[in-house]
Amino acid sequence: MSITVFVTGGTFDKEYNEITGELYFKDTHIREILDLGRSLLKVDVKKLILVDSLNMTDKDRAEIVQHCINAKSKHILITHGTDTMSDTAKVLASQNISKTIVLTGAMIPYKFGSSDGLFNLGCALAFVQVLSHGVYIAMNGKYFRWNEVQKNKESGKFEKIKL
Amino acid sequence: MSITVFVTGGTFDKEYNEITGELYFKDTHIREILDLGRSLLKVDVKKLILVDSLNMTDKDRAEIVQHCINAKSKHILITHGTDTMSDTAKVLASQNISKTIVLTGAMIPYKFGSSDGLFNLGCALAFVQVLSHGVYIAMNGKYFRWNEVQKNKESGKFEKIKL
Amino acid sequence: MSITVFVTGGTFDKEYNEITGELYFKDTHIREILDLGRSLLKVDVKKLILVDSLNMTDKDRAEIVQHCINAKSKHILITHGTDTMSDTAKVLASQNISKTIVLTGAMIPYKFGSSDGLFNLGCALAFVQVLSHGVYIAMNGKYFRWNEVQKNKESGKFEKIKL
Amino acid sequence: MSITVFVTGGTFDKEYNEITGELYFKDTHIREILDLGRSLLKVDVKKLILVDSLNMTDKDRAEIVQHCINAKSKHILITHGTDTMSDTAKVLASQNISKTIVLTGAMIPYKFGSSDGLFNLGCALAFVQVLSHGVYIAMNGKYFRWNEVQKNKESGKFEKIKL
């Protein structure tokens, strides 16, 4: 089994710029995290964009959709900012792609040491191997179908919503 | 869904004793790792023993089996040293317990900062939620049925064996 | 010998707010850093303010001066944002206080794991024990008299200036 | 001012071998620590040996002495295991070398994330710049003359002894 990982940025990949004191994107850390996790999965990592998901545009989402449709693998993981993860999941679901697509992200940048990113990536990689076709969000150790979850902006937690 | 985690020790929970310069067990870090991963799963953590798996006895394994049989949850995760993880999996499989049992561990202690433990625990918790009944080992991002895997002692990697 | 540490904030003590995605101050980490360094020094830590040094006011500086004058210890360490560290040093020097006063800071928050803070605090605590009376800045492993150093805003390094 | 650092090993530079589960030496991390501390000091790092100081021989100590005598710099830092740091300091002191020689070490390996090494190296580098000629031990934030300190094997702390 081969897994395709599409990187779109999000807190996951943010770093601290010690000159400006601001957070920014330099590059993705997914390969580094996979090495740390001693992953032996066949993973093809492709960086699409590196943006805060609040700045993700419709055009960005259309490109993500196109990449998912074109991907040879049936197992697709997307790293994504948490704020609009549900929006991208919704757009993906509307396409009825016959693949298992799992979106995940992080609340704390991987580079900050105490990140939830390593745990989340582990969860998401496991879910993408075994769940049936569909679009899912993997956060807080759980998986959710794209239409049954939303991020609680106050607590930062992903919660199930009534359908 | 509720998940039961049985802690048995292994590299996962080892710490460095700065007085003696040796590795030892003080307590389990599973709850701490779950918090770091912002897990919202219903997880019941129960520490059975804290041993290097090379020192695990038949009696220890019999106890682990008994706890798995008695557990109310159908989803059981066991943290375990990697050296004899396959042996314990075999003993568990011989009991035909109608539950999903996943064993996982770590190559580097969680407390050493650069551990694979957070990733592995994420993977294992995801697998235990979605795999059907049986006994599995989750390492290196993958899951294996109990009888199709062995640890390569030289590389430290879990490899598929021919059945 | 007893050392007084006055905390004023700066990058040293900044943390990441995972809900807003911004950096903020919650509390000082100086005590935690001293414990990590297994310090056995008699250190009296007093938190004066927690501000980004770009926001430090003349009133704040007047208070810092007053605390340095009133302190019983002859050895005073001040943790301070790097951007205006020289300004505060200048104000302190104008008072001709008969004490050894060392200012230090960090380029990366202590909580981000890869911080220079632990190293800088070690340097500063050593310098404050052995340097003669005067006002100094300890950064980049070096110490500078208050009037011979400035922060290079582009490189983030503290450089000697011609007197 | 130029500082010579002689590396002899000790807990400072130990790493965890994930295959054998034992601690071992691969290489020194002093350069890495200096970079993390954003040190701008002129430091010449020379690795002499990499040993647990309990295994350090008289011949090893004779070599360290010879290197200190031959060094062009008047400021010498020696990283050393804590168990026999006092012994090496004594041998060095017997030579009456007209230089400032500071020995330091760590209780926790640098690679384990929560090490006191970064703090200790900061302290030692500061002391070696400002103390007068002599042989010193820098641990726990303090400096001690070679003949006034011993490691308390039970607590791991360096304590002053009555002369």
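Per-chain residue numbering starts at 1, and chain names A, B, C and D are given in the order in which the chains are listed.
Criterion: contacts are C-beta pairs under 8 Å (C-beta built on N, C-alpha and C of every residue); 3 or more make two chains touch, one makes a residue touch a chain.
Keep in mind it's a predicted model, so treat the numbers as computed, not measured.
Counting steps between touching chains, the shortest path from chain B to chain C takes 2. Using mean Cα coordinates as chain centres, the one most removed from chain D is A. Separation between the centroids of chain B and chain D, computed from CA atoms only, is 39 Å.
Separating the CA-averaged centres of chain C and chain D is a span of 26 Å. Counting partner chains per residue, chain C has residues 107, 113-114, 156 touching two or more of them.
With chains as nodes and touching pairs as edges, the resulting graph is a single ring in which every chain has exactly two contacts.
Taken in their complex, chain D has these residues touching chain B: 11, 16, 18-19, 21, 23, 52, 107-109, 111-114, 153-156. On the chain C side of its complex with chain D, the touching residues are 33-34, 36-41, 107, 113-116, 118-127, 129-131, 138-143, 156-158.
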